[in-house]
Every structure is written in C-alpha cells, then in structure tokens.
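Two complexes follow with chain A in common, the first pairing it with chain B and the second with chain C.
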Partner chain A sequence: MIVADRKPIEEIIEQVKDLRSVLVLGCNECVTVCEAGGKKEVGVLASALRMYFLQQGREVNVGERTLERQCDTEYLEEIRDSIDHYEAVVSLACGVGIQFTAERYPSKAVFPGVNTCFMGAALERGVWAERCQGCGSCILATTGAVCPVARCAKRLFNGPCGGSTAGKCEISKDVDCAWQLIVDRLKALGRLEDFETLCPIKDWSTDRAGGPRKVIREDLRS
Partner chain B sequence: MSPKTPSKLEKILRAGHLAVTSECGPPRGSDASHIVHKAELIKQHVDAINITDNQTSVCRLCSLAACIRLKLMGLEPVLQMVVRDRNRVALQSDILGAASFDIHNLLCLSGDHQRFGDSAQGQNVFDLDSMQLLQTVRRMRDEGKFLGGDAIQRPPAMFVGAAANPFADPFEIRVPRLAKKVAAGAEFIQTQCIYNLDKFEQWMEMVRDRGLHEKIFILAGVTPLKSAGMARYMKSKVPGMDVPDDVVKRMAGTPKDKQAEEGITICVETIQRLKAVKGVAGFHVMAIEWEERVPEIVERAGLYPRPMLQ
Partner chain C sequence: MRLNYPSSVRIIRVPCTGKVDVLHILRCFERGADGVYVVGCREGDCHYQSGNFRAKKRVEQAQQLLDRIGIGGQRVRMCNLSSSDAPLFVRFAEEMHAAVLAAGPNPIRAARAAQKKATASSGMGLHP
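Let's look at the complex of A and B:
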C-alpha cells in the first residue's frame, strides 16, 4: 500500500487558520489501513481544528467526509454537491488523492493533511516499512524477491558494499542490509551461484528519472 | 603480461614488484598548497598517490583537481571516483577530463552514504554502482565507446581498480564479490584497512583457491593507529572495520605518549607479515592526516627504495 504519516497539527493549522470553512476529506484505501487518513483520523483532525477555532473565538465550519477513494473520479464526484459549502479542503489521502481532488475541483484550495512516505507494508502494528519505489522495470526475479532499489541505501545492483555489518546497513543498525537479505534468500533457494552474475546497468528511463510516467493499456481503452 | 596503459603503477605491478601506494585527502577549501605539501612528504616513498573523493561524504576540494595538482608535480595520481554524487553523464565526462591530463589510474567506488557527512539532507545519485563504473571505464578504454554507444576520440588509457573489504558481511560472498569485480574489469584492488590478519589471510586463501590472485593485483590496505582511542573508534564506529581486541589492548596497554609509535610499529609488522602472503601484490598505506609518517613506515617495512622504471 501507499504509506502516509500524519502531518503535525501546527502545520495544518498554519494552512487553514484564516479560512471560514474547511472540509476534512479522508480516503478509505491505503491511508485508512495505515491509520493516517481514514474516517477515524478525519474525525480526530476535524475535532482538533474545531477546538483550535473555538479557542481563537472564531466560528468556522469544519466538515468531515471520507470517500471510498480519492484517486478515482467516480468517488470524487460524490462531493460535487457539498463542496461549495467549503472554502477549502484538507485532504488526508496520499499525494495522489490530494492532487486528484484538486484537479477535479479547480477553484478549491486543497491542502495536504498527511506526508506521503512510500510504498510499503506493515511489519507490525504501528510499524510500516518500504518495499518498492516503482522504478517501472522489476528485477526481483534475479534478487530472490528482495528489492535493492527500495531497500539498499545506495540502491546497489551488485552489492553488498563494504559497510554491511552483522546483517545491518552502514547508515543505521535499525536498517537491514538488503544484500544480506538477498544472499540469505538466494541461499535458501539453493541459488547462491546466481550472486556472481553481474547485474547490467539499469535503464532508469522507466523510473522517475524519465519524467512523469503513464501506463497506457490500449486493450482496456474504449 | 605487458601493460595495457601508460600507468606507472601498472608497470610496477606487472614487473612483479611489490607496489606501494598511499592516499591524501584534499582540503576543505581551495588552497592547493595543502595537497602539494602532503604529496611532497610521501612522493619519494610511494609509486602512486590516491586522492580521495569527498570521503565520508564530507565536501572537499574535488579529487580530479587534486589529481591534476599531482600531475603538475610530475607524480602519479590514482583518481578515486565514487558513484554517489554523479550520474553516468558526469562520470564519463570526468573520466575524459582526467584522461585529458593523462591521469592513468582510476579507483571505482560506491562512496560512503551521505548521511555520514556534512550534507545528510542531500540527494544521492547511484545511477551506476561501483561494478558498473568498472565496466563503463573498461568499455571506454578498450572499445573506445561511451555507454551510449558513440565512439570516443582519444579514449582514456586508465589502469582500473576497485576496493574490496574482506571484513564486511556476509563473509561468504566477499570472495565471490571480488570475482565479480574481476569480471567487471578491475585490474587492481586496494583493500579496507587490515587489522585482523588471520581473517585477511583466510580471505586470501579463498582468493587463491579461485585463482583470482592471478587475475588481479591485490594491494593490502594498512592504516597506522595514532592512539588507543582511534583503535576503539575504528572498532566500534566505522562500518565494515574489523579491529581485533588484542590490537585495541596492545594500543591501550601502551603509555599514551608512546601509542603513536606503537601504532606505527603495528603497521610495519602488518606489512612484514603480509609481504609473505602469496597473492599480495603491494600495499596501500592510508595514513589518515598523518602523511609525514608514511616514509618511515615504508622504510621500516623494507619497501624502500622504490623501483625506478624506464
């Protein structure tokens, strides 16, 4: 999923402090699972904002709504009738949802209520870790299904570097060395000899480096 | 095998001499006299001088400019190049720039992560990794081609090296990884600082078992310890460094005012023991901000005078 984290309330207040009305808009997908921008967090943020405005002696209409998805025009249409009651939106969706909401409602200011972090998974409750950077050209078949792009601090295709110590990365004892994991996996799969195959120079044109990307599926277009 | 490049380091190694290299870190400013002074201290005692490339990610005068300073002094530089800060455009461009000054040795490195340095908030590049940089420079030299496929006018004539750390984990792939560097085109290796001689000798045995010592020149890396504090710091704080307890104890058991001497003696003893290890083709003396002691280490280790080549 796309993992996001809550923005400090002070930062959000700075964005909305002069408004007369604001809609806090959640998303029922990834940000709900990672507990940063679902219905529950919408309620918490809206209450905090109401409290703030009350303390300031200001009457501000703070609305709450959580859509099935903010990255889908169909669901974004559900607020078409009510959005004019608000001067602006604080979106608790990921960066995709925030932008898609703004694209759909060009005259509304849309502010981010979360920091979008990475594509990852939950290691345990309250702990999420990165697993994919969406480079657009997957090489997991050759690395025992451990991604050096997302998980090696130097994204080495022919690691590990000289900083790997006791299974940990040189940048922190809290970070696993991706290449230790790759070697362990290859060993478990009886494929350690694959380690010696030189990984060719990466074509980064499918990555962010190639500019903003699109996937176009002619077979699905009507 | 006859040398493939005009590199003096290559000629010395191919002639069967134990080579001696050292390294100098460029200054954190633009005063070139700093690097010139360091080079003056060691020039009679080493065959080539590495110039580090923003080591530990602390921003310094660039390696290429410092190498040019050495060339202007008539010395033999080894240009260290990390892939942390440059993409393939800049790497190839800098290689050509170095070649235009007839810099004939290149050491291909990943580079320490930027979080260790003074620019922890910066981006890193890692467009290529160190092995892919080896492949790139060999292609430029041997095929006369850019990565993009176009021909290079006056290709770089560089003797190509890499680093190896026999002490990092996982140990079992440390020799296979060396084999990968050989396959990628490395012709010489400068190792991580060696304090754990037993482990290094074990690694060398595995290197010989695969015949890699006949395919690549291995320069054993040594760094004299200045103090017991430095030994403890290297042991606990430097990633991938293996300083055994008995080395720390030996330094700590020496009176403070004699610790520097003891560090030099340990370094000399290390070289003397490793000279006998089959497959060790020379030594890389990394005296960190202690260049003035390099001549003494080289002399006491029996590596002086340096061979004169025609």
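Let's look at the complex of A and C:
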C-alpha cells in the first residue's frame, strides 16, 4: 500500500486558518489501512478544526466526506454537487489523491492533510516499512524476492558493499542489509548460484530518472 | 457501600476501554463537556489483553491534540482500577471533578454561546 503519515495539526491549521468553509476529504484505500486518512481520521481532524475555529470566534463550515478512492475520476465525481459549498479541500489521501482532486476541481484550493511516505507493508500494528520504489522494471525474480532498489541504501545489484555488518546496513543498526537478506533467501531456496550471476546494468529510464511516467494499456483503452 | 461521588460525572458505559477512540473523546469536547476521563481495568488485568493499554495511548493522543488546539490536554485522563474498588472509583471522580474546576469551563461552550448571541442580534437587526 501507499503509506502516509499524519501531518501536525498546526501545519493544517496554518493552511486553512483564513477560510470560511473547508471540506475534509478522506480516502477509503491505502491511507485508511495505514490509519492516516480514512473516515476516522477525517472525523478527528474535522472535529479538531471545528473546535479550533470556534475558539477563535469564527464560524467556519467544516465538512466531512470520505471517498472510496481519490485516484479515480468516478469516485471524485461523487462530490461534484457538494464541493461548491466549500472554499477549499483538505485531502487526507496520498499525494496522488490530493493532486487528482485538484485536477478534477481546478477552482478549488486543495491542501494536503498527510505526508505521503512510500510504498510499503505493515510489519506490525503501527509499523510500516518501505518495500518498493516503483522502478518500472522489476528484478525480484533474480534476487529471491528481496528488492535491492528499495531496500539497499546504495541500490547495489551485485552483492553487498563493505558496510554490511552482522546482517545490518552501515546507515543504521535498525536497517537490514538487503544483500544479506537476498543471500539468506537464495540459500533457503537452494538457488545460491543465482548470486554468482552478474546482474547487467539496469535500465533506469523506467525509473524517475526518465521523468514523470505513464502506463498505457491499449488493450484496455476505450 | 453507598459511597457518594460528584454529581457532575456522567457515566458512558463501553464494553472495554479499548473501544474508546480519540474521536469519541473529541466529540465530547465538541459538545461542551468540561473534561473526560476513561476508567479502565488495572494494567495487566484487561479481559481482552490490551484494551486498557490502547485506551491509554488514545487518551495521550487526545491530550496532545487538545493541547494543540487550545482546549487543554489536562481535561482528559486515563484511570485504572479494579471493578470492585468503589472507594478508588470515588477518588478518581473527585480528582477529576477538582481538575475540571481548576481548568475552568470548556471554552467551546462560551464560544458557541457567543456565536448564538451574535447570530440572534444580527437576526434582530434584520427583522426588528
């Protein structure tokens, strides 16, 4: 999932402090699962904003709505009739949802209510870790399904660097050495010979180095 | 035991304090409550293992949020007791009552009243 974290309330207040109406817009997908921008977080933020404005002696209409997704036009259309009641939107979706909401409603100011962090997995309740950087050309088949792009600090492709100690990366004792994980996994799979195969130079044009990316599926286009 | 505790306390029963969310606490303040205290089982005695620890964390979250928006985090507390410990229940109620008196009324109530007054007076101006 896309992992996001809550923004400090002070930062959100700073964005919306001069408004007379604002819609807090949540998303039912990734940000709900990582408890940063779902229906509950929308309720908490809207309640906090209402109390803040009341204390300031200001009558501000703070609305709440949570869409199935903010990254699909059909769900964003659901607020077409009600969005004119608000001056601006605080979106608790990931950066994609925030931008897409702004694209669909060009006359509305859209502010971020979360910090979008990475594509990751839940290690345990309240702990998420990065697992994929969306490089656009997956090599997990040769690395025992452990990604050196996302998990090696240096993005090395042919074994660990000299900073790997006792299975940990030199950047932090809390970070596993991706190549230690790869070797352990290949060993468990009985495929250690894969480690001997030199990985060719990766084509980074499918990564962000090639600029903003698009996936076009002609078989699906109407 | 027939013990007395402050009549200002309104009890809302929940199956376990683990059910209490930050949102429930905030809604109380939005509706004008002067203080909220969550009374759970003693730490380590939760029938659901960790319900009271979850409640404790949520109370802390609510405290931080209320501090940041100017309501005051001291208006929220987590208390732990055994369900048969009535004297301690009374003590917590009295302590919370005193803490709320010290903190003063919830500023939201005054703000709402001022807003209502302003709306009424502007309405009167329009329709004398």
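Just so we're on the same page, the second predicted complex is superposed on the first by the 222 of 222 C-alpha atoms of A that agree within 3 Å, B and C clash if a C-alpha of one lies under 4 Å from a C-alpha of the other, contacts with A are read in each partner's own complex, and residues count from 1 in each chain.
What we mean here is this: a contact is a pair of C-beta atoms (placed from the backbone, for glycine too) under 8 Å apart; a residue touches a chain by one contact, two chains touch by 3 or more.
Only a predicted model underlies this, so the values are computations on that prediction, with no experimental measurement involved.
Overlay on chain A: chain B and chain C fit together in the combined arrangement. Counting the residues of chain A that each partner touches, chain B and chain C differ, and the larger count belongs to B. Once the two complexes are overlaid on the shared chain, A:Ile79 sits clear of chain B and of chain C alike. Shared-chain residue A:Thr165: touches chain B; no touch with chain C.
Computed from Cα centres after superposition, the angle at chain A between chain B and chain C reads 120 degrees (steps of 10).
After overlaying the two complexes on the shared chain, residue contacts for A:Leu92 are found with neither chain B nor chain C. Shared-chain residue A:Ile9: touches chain C; no touch with chain B.
In the superposition on chain A, no contact is made by A:Ala178 with either chain B or chain C. Distance between chain B and chain C in the overlay is 28 Å (nearest C-alpha pair, rounded to whole angstrom). Touching of chain A by both chain B and chain C, each in its own complex, is seen for no residue at all. Across the interface of their complex, chain A is touched by residues 21-23, 26-27, 29-30, 65, 68-71, 107-108, 111-112, 114-115 of chain C. Of all residues in chain A, only 8-10, 13, 40, 43-44, 47-48, 50-52, 54-55, 57, 59 touch chain C in the complex they form. Put simply, chain B touches chain A in their complex at residues 84, 88, 110-113, 115-116, 124, 126-132, 135-136, 147, 163-165, 168-170, 172-173, 176-177, 179-180, 183-184, 192, 239-240.
Residue ranges of chain A in contact with chain B, taken from their complex: 153-167, 170-171, 177, 180, 183-184, 192, 195-196, 198, 200-202, 204.
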